[in-house]
Structure formats: structure tokens, C-alpha cells
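In the two complexes below, chain A is the common chain; its partner is chain B in one and chain C in the other.
Presenting the complex of A and B:
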């Protein structure tokens, strides 16, 4: 082969695609066992028919990349993005998610095998699990792609209807299986499939409704949200409540799934409190009707007062639902149904789904009540808005539409955070509390140091360790006991732990003020290791070494006047405590970002010398970054220590420090929602992958994912607005020559 | 005094360990010099060198029994070369996948660090999947590594120590000359000094960066072979060694080649000499190393020899 051919970009691309597919084959291949002949897995993966599959995928990738410019125009067609999202969601739901809690690994394949061996299910269910699921998927995918690409209105409507039906079939089939097996179910597969098909239907209807040849997906979403503020979210809420009231199980001990109406019959004569009894009998339906009608009408007609009424009624409905749930689960526990030991057990997902629905309707009403009156229903909301927008954001999202979609997202997030966890399995609740929640707190703290002040800290976990050990000391779980007046419950230890962490932050920051970038990285890394090794080596018996604090750190409890709360082993309780802590921290830090201090951090991050010249006291500002960043890890430490009770220095290894940095950057450096999202996604992922790949391979997949993410979206999941302006805003991009070496960025 | 009596032995241990650190640290320093980036995945280049050379050496000598003594140096050279080639190719791929793509996109600096961290997890676990996840893999015993060569006071110099120190010294001299005198070395220094200007002077920046990775990878791969020969290795061996080598590079002044050599040796000596002092204890080794690092950086914030690669030669 001649040189020209070897150097042609097409050839290089082909080689890269084939190499990538080979690596993929190896990643999916078998694990080397105990054999001493190294590379067994490689040979097994390569000398098998499977490798041809992967080479085929490589060639496909090559073709796709090569002809990408010809494909991209179709992605600007109205509805195309929604279509792709929906189809991907359906695929993911049918390949990755659980469809049942009982059968085998609970994936779709296992459930469909079980269904094929079972008689007595309805023919639609059997058909769906045997062949209908992929037939309907393929048909819808082809039809929708054709309709969207060719702008065929008739076909788009037909496909949209078909997609709704397909989602309905999936949902029905799953429900059929669940009611057949009579067990509580926590799987998301059918819900997600339904959601995916609904998104496909939305995409198709967008294609049918839109008169334009090309749109931008985000603009369309903004337009829908701006058309009648609060209407989409209220409609979703109404739909969710209707589903909750009609099909979902409200009370589901073993071998029973009582829906809303049968719950009433079930508890008749058990001394249900009047409110709950009325709620189950008729009040629930009335509430649904009233709230739905007020919310939908006031959002549609843009009635402020109506919006407020809908919001108020929605909140009342949520409270009543919660009270009812408490009552029925309390009575269930009093009668020892399925060995329940207290309230909140044996509840199905229906009640919580109703809470979500009512909450969303309330949110819709609230949005309608507070919406600005400037955009008066014109087709394009950005036209009247641009007048108010500072010129710097032109060409991107206008500030107002950005805040509109983020407001909707915020409400959805709040509702999910409040009412989704109770429907999760024990396992996921534990993951949520002891992994996701804690690391979200840590990531918020590190985001201050790394994202805002631009100081690379690779030993952040040390503060977490300090917070945890401080708590252990204060509650008397370490060999050295605190004096009696200092002995306290974990929640009271919060200010002390935070103070100690702030002091530790300053102690680390002070000697390292002169250091920059990677020097700082290695010193902080060393600091983290020093703390951990000290905890292991246990000088003067201060930490009880690798055995960890004993007796176990006490659980938190609150006794203020009439309020008595004791946190026990139930993860849900901790979740709500954690949620409160996170909300407080987020509000404080959100205020901090735009404050004088936050801007000073941005200044020293961009250019320390210039910042100093502008009169910023850089040592003080840097120390504050370390101290404030460390404070959340003190909080996280208190929570972690008292929740888990038992911990040891292995919880604070260097790897975890590096992971927290990865969370922050993965999510979007310097952006508060980004850091939280990054931490949540990357702590959720290993647990999710447990179902998908061998346990030993999880880190490999995560590493590959982080790598890909950084290659294709270097600014992170949710980039900070300031950074976004830096990356894409100013002038033309520099040429590839000057860009070969990254510009120094103060790190 | 038992401790003072043992000092020569500790010095020997420190030099052995230190030259290993120095070889890996050179890779960090070279990359930092041209890109001002911490190549976090360099530790996995070291690890892959160990595995790559293992496969080749295993293929050459089998289980190692009955290898004629005249062949031993040959096997060592083969091992070094195969380790170097593996390391170089892994480093080259790494640069292509995890660095060049991000450079093209003008990614923020920390994104490089995170992509390297991702690559590091990926490589280490992929090696675990392809080879094994045992803690202690050992090379075939094709020569008596612990045979005493000579004795200086209490220090019993063993074969593997001679091999390690000798190889390290040769490679470091070679690298020093390479950077100081060859055309490639000049272009590396030029890119380190001022990349845009170097580009104007007709230097292909991408190619220079790529070759810098290859050189660093070859050194780390060879170090992987040496480490595997002397101790045992696993798919996670890179992490600890890499961290220490990074510390060594910073100690000497990151971006400075002679600094990395000096930092590596110094760190090895400190780790060997300080913990055995009565009342300190071997479990504090890492703490001692990091405390020394912090002390040095407090007084010399850019390391012992300062930081420019361009200035080093």
C-alpha cells in the first residue's frame, strides 16, 4: 500500500473503527479464569464468530461516520430528536431494565421465557412477550423515520397513534404479568417503554403539526413550554394521577396487589380514620377531578388566581394522600399484615404516584400563577423576550426561556425526590442514601474548590474522613471518649464537624497557597493519603485502626418539645434528612456563586495575577475556597457516620478522592446542578451495571464511559453558563495549530 | 547502633526503588513539559509494559528452568525491548484517543485529567479482564535474581539491583542526550517552550507530542519489565507506583527531565532511609514520602530544579 492511501483520513477512520470494535469485542468477551496463559480472554474473544459481528459493527460505524454529513440534515426535521430519544429509550428499556422483581435476572428475556412457559395469560400478553415487542418496535421505527424524514403528515399521525397503542400494549402486558403473579413490583421496564413510545408519539405529532422544514429540538421544547406555562407539567401530573387511581397497586403485601378502589373494600371495618376512609371512598376521585380541572383550566386560560388555587389544592391533595397512606399502612402493621412492623410498609407504588401527580399539577398551577405576562401566546416566545435579554447571550438560549425550562425541571425534580424513593426497592434506597446522596454532597463541596476557584484537589476525601471521625468521637465511638458535656447526638455534631473540617481546610490551604496546578494536586493527594494512613496506623489509639469506630456510631435522633424523631435502620428516613441537608446546602451555595466571593473565585481561576491586580486578596479567597468546600464534607461525614454506623479507613482511599473530582468534571465543572448530576450518575452507574455486566468489569465500563464523555462532551453533562460562554462565545475558534496545546487556564 | 550499621543496605534499596520511580517519573515530566498536563494514565502504561514483557519472556523461556546463563542478558534485553514496545504503543494509542481528540475540541484543562483517569480505570480493568486479577504475578525465574554480586559493608548487592540501576542509568543518559542533541529532542524542547511559535517554525506539534508520549511510554514500559522482574505485578500495580512517580516528578520540578531523575532517586532514598529510623516504623513510609514532598514544595514551590523542560538541557 502506498503512503497516500495510508494517510488518507478515510483509511485512518476505518482503522480506528475496526480497532474500536475489536476492543468492544474484548470488553464483552469472557473473563480470564485461573489460567496462567495470559491473553486467554483476548484469544477467546478474537477467535470466535462474535468477532465478525464486531468487525461488522466497526464497518457500520465507519460508514455512518463517513456519511454522517448526509444524515445530519434529517436531524433538524421537526420531531427527529424526539423520535431518536424515544426509540433509544425503548431499546434501553427492553434490553437493560428490569421487568419484574421475581423472575431470574428480571430482564426482559427472563420474563419472556417465563411467560412462554406460563399458561393463563391473555393472548396479547403472550404475543407481546414473544414476538410483538420487537415487531411493533421495528414497524414504528421504520414508519416514524420515514414520516419524519419525508414530512408525511398523514403517516406521522398514524405512527403517533400506533406508538401510543404500542406503549399501551407494553404497559398492559406488564400489568397482566404482575397481577398474574401477585407480587409487589418495583421494575421500571414497562414504565420506561411506555415513556419511550410516548416520546416517539410526541415526535411524530410534532412532525405532523409543524410547518417548518427544520427546527432545533430545544427551541421546540421551549416553545411548547412557553405556549401555556405550566400546562405540560400539569397534564403529565393529571395523567400520572389517573394511572395511579385506576391501575396501580396502593397496598401490596405478599400475594396481593390492591388497587385504589379495592383498598377501600380491604380496609372497610378496620377502623380507618374518617379522612382516609372518605379519601378512599370518594374524596380521592373528587380531589383528582377538582385539582385536574382547576390546574388544566387555569394553565390553559392563564388565570393567576386559578393557578394559585390549583397549587393550593394540589398541595392539600398531596397531604391527604400521604395521610391516607400512613393510615392504611399503620392499620396493616397493627394487624401484622405480612409481618409489617410499623407504618409505611407494604405500600404499593400507586399512592406515591398519585402524590407525584398531584404535586406536578400543583407545580403547573404555581407556574401559571407566577408566569410573566410578557409573552402573549405568540408563536415564537423568543421574539418579545429578546428585548430584555442582555446582548451577551444572543445566539444561545435566551435567559428567560432557559429559566422557564429549568423551572419546570426543578419542579419535576422536587416531586421525584420526594415521592419516588418510597417506591424503590430496599437495595436502591440504600444506594440512594449511602452512595448517591453522600457523594452529591461531597461533589457540591469539591465543586467550590475545583470548579469555582480552579484549585485541583485530589485529596478531598480526607475532609470526609475528618468529618466522619469527628462525629465518631463526639458520640463516643472512638477509644478516647469526649468529656461528658461534649458527648452528643449526631445531629448536634454537625456544627462541630463542619468547624473541624473548615479548620482542616485552612490547615491544608495555608501552606499550599503558593502552589499552582499540579503541584497543588500532588500535595492535596499526599494530604489525603496522610490522613488515611494515620487513621490506619492509629497513633495513640485515636482511631481504633482498621477495625473502625466501635461501638457503632449512634443513629441520629431529635427531641425538641413534642417532636420526637429517631432515625433507625430505615433508609427512607435518612433520605428525607439528607434531602433537607442537600436543599439547604444547595440554596446556600447557589447564593454564594453569584456573590462577591464567587466572582472573586472565578477571577482567580481565570488569572490569578490579574485578580490580584484588581484588588482581590488571593490568599484569603483561596483559603475560603478550601474552607467552604471542606464544610460540606463535614456535613457528609456526620451523615455517613451516623447512617452507616460502622466505617473504617478503607472508606477514604485515594481512589474515592479521584472519583469525586471525576464526578465534578463529568457533570460540568463549576456548575452546581452539573456537579450534582455528575455525582448522581456516576454513583448510580456501578449499581446499575451490576445487572448488566460481570461485577469485576464495572470499573472498565465506567472508565470507558468517562473517557467517551470527555471526548464528545468535554464541558460535562450540564456545563456551567460561564464556561459555556468561554468555550463557544468569543469570536472564531483558534486554529488547530495554536490549539494543539491547551490554553493555560489557571489550573 | 543497628540503624547506622544498616545504612548502606538502605541506600542500595533506596537507589533501586528510586531508579524505578525515576523511569516512570520521566514519562510524567515529558508529557507535562509539552502539554502542561498531568498524564494520569501513565501508570497504566507502566502496568501494560509489565504484562507485555511477561508474555514475550514467557514465550521465550517458558517456565525459566534450564535457561543457559549466557542467554540471561539476552532475555533481559528482550524483556526490556518488549516492555518498551508495549508501553510505547499503549502510550501512543492513549495520546491518540484520550488527548488528541480533546485537544482538537479545545477542551478545558481538567477534562484532559478526567479523560486520562477514565482511560486509566479502563486500561487497568481491561488488563484484569484479559490477563488476570491476581495480586502477585511473577516472571519465570530464568536466573537467580537474588545472587549476591558484591558486598559493600552491610549492603549485599544482588543481581536484580544491579540490573535495575544499570538499566535505569543507561536509559536516563540516553534520554538526556536524546532531548539535548537530536532533532526530535530540539522539537520537544521547542514545543515545551512555546507551542504556537514552534508551530510557526515548522515543527509538527501533533507529531512531536505523539513522539513524546512514545518516549515516555517506552521508558515506563521498560520500568514495568524491571519492576515485574524484581517484585511481583498485577493489573492494579500501576496506581501506587504511578502516584509515587508523579510525586517524584513534582519533587524534582515537573517538566524538568533531570529534576524527575533526581526527584525519583531522592524519593526512593527517603522512603528507604527514613522509616527504619527507630520509633518511626515501616507503616509510615508513604506519610514520610508525602511529608518530605510537602516540605520541599513549601520552600521551593516549583520543585527542586524548577519546571521548564526547555531549560533542562
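Presenting the complex of A and C:
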């Protein structure tokens, strides 16, 4: 063994991979030890035969990294990316997700054990849960990989058909189990598996349909979406609606899973309103047929008018479905079915799935309608001279295709945000409101300061605190009561909280205008702590110290004319309130990003001296960033205070500020969807990991994920277009994948 | 060509920059020492001098980045503006008074597109605030349309319209230089300060640049103050030249006169003024400055690096 060999990059890489596999072995090993023997866990993890499994993984990683350049060309094959995504989704669904709410830990393994001990299920179900699931996965994976790599058209079509059948089997087997146990179902495992197989099928059909080679892996996705704008989304919607109408449960109190057709019989004699009765009898089916046909045909044929009709009909169908769901759950509550106290209870996932499907079909129609308009003539408003438009597609940015895929994502996101939460369990609804939603709002606000204006703010949670305490004061929950004319409900407190946070933002910003980077971060950190410690120290008895506001901050109420809404303890209600706030803020900020202020922020972030020389009043622009970011945080504070009722200064510790910064960086600094996705993923992950890893290990796994993310994708989950070039800098061509570690080093 | 009024009889408002006895020190280092000069409306004035002569310091003093300890700088940016002191004003305020500038080492906003770079310059002059932007109010939309339109027009003038939607960082070097000029023009300046616009560009780009500078000067009626090491460019476009050396003005005059000025030749060759004068007398046909441009004047490390990157 000579020195040259030791220094060769291949050897170093092998050592790194093996070391990484040992780390993985320790991470997955037993995390226990005693005072007398600290090395116990380490020995259990590393000095046992199991270590060879991990070393094998390390060698596999080494081979994968070494031969990666030979693998990557295959990713440009049409359908390859979709294929990989779909297969990964199936694996994840069968290993990580819940398949049932009843048995054991409810994951696939537990359900399949339960199924093997149960008689009375159909043979397909038993087969699926015992051996068919991995056989069909392997067969499809091998066939699809072969079809895409060899571009075998026939094989690709066959595999696509297989994948659809496999997804159907998985879904059928799950439904069989659920209807056997007669319990309302909140699990996503089977649904995700079906989705994964459908994505595989899409990948295979793309491979079969297209002979051109995409220049970049991402292009192939855009090409599928651009082939017939709106068609993919409408097709998914149609499939979802058909599933909802045929198999899913619409009304599922205890010991009952009434599907769409049996729901009508169930409520036959209970005075269902005419609309709902017609809907359940025949209108639902007609709507399904009409919306699906108009949406699919207008997207396929690129009919603009048809697109609008499909969009309108889809929205009408959603509304009718919601009305029907309200009616049947109301009757259920009136008859005290399963101790229901009000409408919207005991509903199965079928109705909401139908809403999602109709919504997606409407979105597909809308996309087709608007896409047809841009292709037929007048140029988009941002480019007055059409002669320049072609250069966009030639250039590195390809703004149009990017906006196309993001438009699809936007609609999917909105539809999921509207109709997925009702099918979730109580636990996830709570997480959605008090963790995910609130932090998404905070991340949107911090993105203005950190992402757009480039001012590192480590005291952001202070404005959240100010918003919360302002609300507490205005609803009369602090020791000092407001004058009677100022006593108000929480939602009315929003403008006041925003105003006070703007003032606080300017107060923080003004003295720190000359500071940059690390120095600014330290000052803002100090500001955050000042606010928290002031709340603890309780000068003049204004904050009620660590006990927090009492009595509890009132829940929001709205009484405008005939509209009376009172928010209580139902998390779902708060979710829709929060969703409305987020949507409003996102729309406003989206416009802001494209305005002169958005460009001015980008300018001072990129080069402050040049920005000044271009006439930008940098102090004003920075103060605006602080103020606008702070006001968003204050808005989140109002929501938080009125939702949670009781809070205290411990809710506003430095750790929370750092978390919000981490969310924004993880998602992609300066990217509005990125910041939201970052916050959503990193708040969802700890809760998700509760099912997957021992409680003590959770933070370690999250840390590992963040670490890997920052090494391999430093620009974030959804990188900002304006940020992409930053790590490349002037003079060097921008690369779509920025790296923190030069490619020659590291792996 | 517009009337270039040179001479003592010029009206006061025809003076763009009136620099009097300016001294700028950084600690013990005197960067500018008692420099006085006048720039007249409509002219192209070049400032030349060896490296470290204080050219960029003078630019930074004129634009409000540095505040000289002594002397006065009066500015009348656009035609008809009353003269105002630059001293103590913020950079963006000086820009609003009609001074656009470019930088020696290009300072574009790399992550913005070419179009957006120019829009930043244009929009610094607009009024609409964040609320009208968030609500998409009509006047904000109109301003945005105007800015896009004007930005395309400027990009067309510097020959970058087809690359409007490319990131500034992805443009070749010479185009980045021109984009910087377009961004400065976007602020509607009365006087444009160009800091070594030809550094790192190839001969073809230099010729285009010279044409661009003359076009800006004649069509847009913008006075141009130019720092440049490339003597061919300076001699071809400048109406007058000011020579700085070690922070002092050593000569001022028409290009032809400067070429033969003994003090200037001495400064560039590092000899004494007398020797240079003798040399010049002995060989009156030799134009020393033009002959010496290639080697000693462009030998700064930065320039060579730029050349290496850009030249085809």
C-alpha cells in the first residue's frame, strides 16, 4: 500500500463512505448507556455483526458516487425522473406511512401481520399484504427501468398498465381492510402508494410517447406539463373523484363505512334537503361525468372556452359536494349519531377527496383556459416587445416553463390545503394549526428581511411576542385594561398589532442601519432577548410576568351583518382562518416582490454601494424591510394569542427565532414558496418522526437532514430565481445547482 | 455635436462640477491634494494618471462616497440646476441630483436579470410605495410599465435588448460593462461618471464603447467624466483631459496638448520633467503616451486577469 494510493480521490471517497456508514450505524443503533459504562451504546452499534449491513451501505454509496457520472445521462431520458419519484414514493409509503388507524403502530408491517391472522378478507387482500406488494414493486421497478433506459415503447406501455393495476390492488386491499374493520380511516399509506404507482405510470407513458432527449432532468417534468397544459392535473383530479365516488367512505361513524351510493339509502328517510338528496342519488355522478369530460377534453384539445366551462363547473361541483357533506353530517348530529355535537363530524374521507378531485379538474380547466390565451397572441405584460420573448427560452432561465410547473404546484397546494385537513386526525390538525401554519406565516415574514433584503435578523420572534401581547392587551387579558372604547375582539386587533410591530421594526432597524451580516445578527439577537426579558421582568406590571396573560385571550369572533362566526376549540376552524391570512399575505408579498421595492431589496442585498449609486435610498428601503417583516410576525402573533389563549414569555425564546431563520434558509432564502415549504417541512418532520424513530433521536435525524441539505443543496428546497446566481457571483456562469462544497472535494 | 463651451467666459450654470482645492486624506495618506478642476456641460472630460494617482478617489468624492476634508465641490447635474454642494450629501442624493456612475470593478446586481438591473436605476426615481405595490394600484402599474419600457429602450441603446432576461452574472465581460452604463443612464443623469469602462474589454468592444460614449454624449446630452487607461480610447473621445499624479493635478487641456506635456510624460515614464522635455524636443514626432499605452499602463494585475477571462 503506497502513498499514491492513499492519496487517490477514490480511496479517500471510500474511507469517507465507510466512515459515514459507521455514523449511520451509531445513529440507528440503541441509544442507551449507563453512568458506569458510557461506551455501551457505541459497542452495541458498531461491534456487532449488524455493522456489516451498514458497511455494505457505505460501499454501495461509494459505488453509486463513483459511477454517478455514468448514471446521470439516464436521468435525462423522458420519464426517468417521474419513475424514480414514483418508486421512491411507493417505498416510503410501504415503510413509513400508516395504513390503518386501528392495529398496533399501524404501519405496513403491523397491518400485514394483523391481516395474516384474520380470515374473511378477500384472497387478493391477503396476497397483497403477504407477498404481492413487494413482488409487484420489484417487477414494475425492473420493467420500468429497462423500458426507460432502453426506450422500449411497447414495454413502457405494458409497464404503465402494470403500475396502474398494482396501485389499484394496493388501494383495493387497503379498502378491503378498512371496510372489514368498520372504522373511520385517516391513513395515507394506501393512497400514497396508489399515487406513487400512478406517477410511475406517467413516467412510463412519457417514455413511450416521447423520443426526444431532454437536456436537463427538470426539463422532462416541464415537458410533461407543457404537452397539454392542465391535462395532468385534470387527469389526477378525475381519478381522485372516481375513487372517491366508488370506494371511499362518505359517512363513517363508529361501525359503519357508508360509501357514496349507500349514503343515499342511509339518509333516505331523514329529511335530506332536495339538493343533497339529488346529489347523492344522481347529480353527483352526472357532475363527475360532465366535469371530467369537459376538463379532460378541453385540456387535451386546448379549448379556451371549454377550459373556463370546466373551471366553473368544477367549482360548482365542489360547492355542491360541500353542501351535501354539511347536510348529511348535520342530520347525523341531529340524530346524535356516534355522539356528534354539530355538523362536519363523522364524515369519511370520500367527500373531501371528491372535493379535491373536482377542485383539481377545475384547476386543470383554468390552466388550459389561461394557457390558450398566452399562446394565441398578446404578449405578457412584462415584455412589451414580442421580439425579445424567444430569448427567454434560449436563455438559462426559461422563466415560462418554470412558471408553468409552479402554477400546477400552486393549484395542487391550494386544493390540498382546502380539503386535506378535514380528513386528518385530531393530532395532525393541531400540528397543522399551531406548528406548521403559524411558522409558515412567520417564515414568510422573515423571508422579507433575510431573503429579500439580506438582513440577518435573529430576533424575529420578538415581533411575534409584541403582536401577541398587543392582542392580549386589547382584549383585556393583561393587568392593565384598555379603555372601554379600545376593548375589542382579537381579529379587530390585527391593524393595531401590525401598526405597533411596524413601529417596533423601525425602532430596531433605525439604529442598526449601518450594520451588516454578523454584526446586525448580534444586535437583533439582543433585541429579541430584550423583549422577552422585559416580558419576564414585568416592569409596571404590564405583562403579568411568567404567568402570562390571564384570563385567557378570547377566541376570535366575527359578527358582520348576517355572518356570525365564533372560533372555539376546533383546530380545523383555525386552520381556515390561518389559511385565509396566509393566502392574503402571500398575494400581497408576491406583488411586492415584483415591484420596484422588491428589486430595490435585491439590489441592496447584492451590492449596497452600487444600489446607492443607482439612487436607492438604502436606509428607507432597509427600514421598509424590517417594518414589513415585523408586521407579518405581528399578524402571526395575533393569531397565536387568540388561538392558544394562554401563553407566556417562554413561547418567545431565542430558539424560536433561530428556528425561523433555519426554516427560511432550508426552504430557500428569498423564495416565497421556498420559505413556506421550508417551514412546513421542518415543522412537519419532528411530528412525523415521532412514529419513525425513538423520541430521543428525533433532533439528531433532523440535524442530519439539515446538514445534508446544506451541503448538497445550499440554495434550499425551492431556490429563489434571484438568488441562484449569487454563489456563482459575477464573471462565472450561473449554475442551476449551487454548491457549498466544491464538487472536486467532498464526495 | 453640441456646443462645448470651454473657457473662462462660460456661464456659471454651464459648469457641471466645480471642484476647488479639494484635499482628501485617509489617516496619514493624502489621496487628493489641493485638486481643482471644472467640468463644463456637454463635454467629455477624461481623467488620466498612473495607478494610485487618486482618480477613483476623486470619483468617490464627486459622488458623495467620500467627503474631502478641505475644499468644495459644487454640482449642477442637469441643465438649469442651480449649483449645490456635494459635500456631506449621501450617495443616493447625489445620484438624484443627476450624477450616474459606473465602477472600476463591475458592480452589477448579479442575481438580477439585465432588465431588472436597469429597472433598479430607473425606479429609484419613482414614487409609488409598498402599499400601492401590494394592492396593485393603477399608478403603480403605470410606473412599472414605464420603467419596463424605458429599460428596454436603454438596453436597446447599449445593444443588450436580446439579453434582457438573462442574469447579469451570465453576461460576458464587455456586455456587463455596457449594462452598467445602461443602469447609470436609467437614473436620468446629467453627467455620467465612467470608471475605466474599457478595462478588460477587447479591441472590438473598445471601439463600440467609444461610439457608445459619444452617442450618449450627443444624443442624450449627457456630460461624461471618464477615467480610462486606454489612451487610444481617451484620445478618440475626450474633449479635454485632466492628468492626476500622486493626488495632484499636473496638467489639463486638449488631448493633443496633453500628449506633448512634459510633466505628463515624466509622470508616466517616471523621469524628471526636464529630461522628458528634452526628449520631447529631440524627437517631436514621437507621441510618447500613445506609444506607451500597451505595456506600462495596462499592467495592473486586475486588468490582466480580466483580459484572460474575456478575450476570445
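As a working rule, the second predicted complex is superposed on the first by the 685 of 747 C-alpha atoms of A that agree within 3 Å, B and C clash if a C-alpha of one lies under 4 Å from a C-alpha of the other, contacts with A are read in each partner's own complex, and residues count from 1 in each chain.
Everything below uses one rule, namely that a contact is a pair of C-beta atoms (placed from the backbone, for glycine too) under 8 Å apart; a residue touches a chain by one contact, two chains touch by 3 or more.
None of these values were measured; they are calculated from a predicted model.
Of the two partner chains placed around the shared chain by superposition, neither chain B nor chain C is touched by A:132.
Within the superposed three-chain model, A:616 lies in touch with chain C and out of touch with chain B [touch as defined at top].
In the superposed model, A:417 lies in contact with neither chain B nor chain C. In the superposition on chain A, A:653 makes contact with neither chain B nor chain C.
When chain B and chain C are set side by side, the one touching more residues of chain A is B.
By the touch criterion defined above, A:704 reaches chain B but does not reach chain C. When the two complexes are overlaid on their common chain A, residue A:506 makes contact with neither chain B nor chain C.
Shared contact residues of chain A with chain B and chain C: 723, 733-734. Of all the residues in chain A, the ones that touch chain B in their complex are 23, 26-27, 29, 31-32, 34-35, 38-42, 450, 456, 511-512, 514-519, 521-523, 525-527, 529-530, 533-534, 536-537, 654-655, 658, 661-662, 665-666, 669, 696-697, 699-700, 702-711, 714-716, 723, 727, 733-734, 736-745, 747. For chain C in complex with chain A, the touching residues are 63, 65, 90-92, 95-96, 100-101, 103, 106-113, 116, 119-121, 123-126, 128-130, 133-136, 140, 143-145, 147-149, 152, 161-170, 173, 176, 183-184, 186-187, 309. Contact residues of chain A toward chain C in the complex are 381-385, 388, 391-392, 395-397, 399, 588-589, 591-592, 595-600, 602-603, 606-607, 609-618, 624, 628, 722-726, 728-734. Only residues 32, 34-38, 51, 54-55, 58, 97-98, 101-115, 117-126, 128-133, 191, 195-196, 199, 205-206, 209, 239, 243, 246-247, 250, 254, 281, 283-284, 286-287, 289-291, 293-294, 297-298, 301-303 of chain B touch chain A when the two sit together in their complex.
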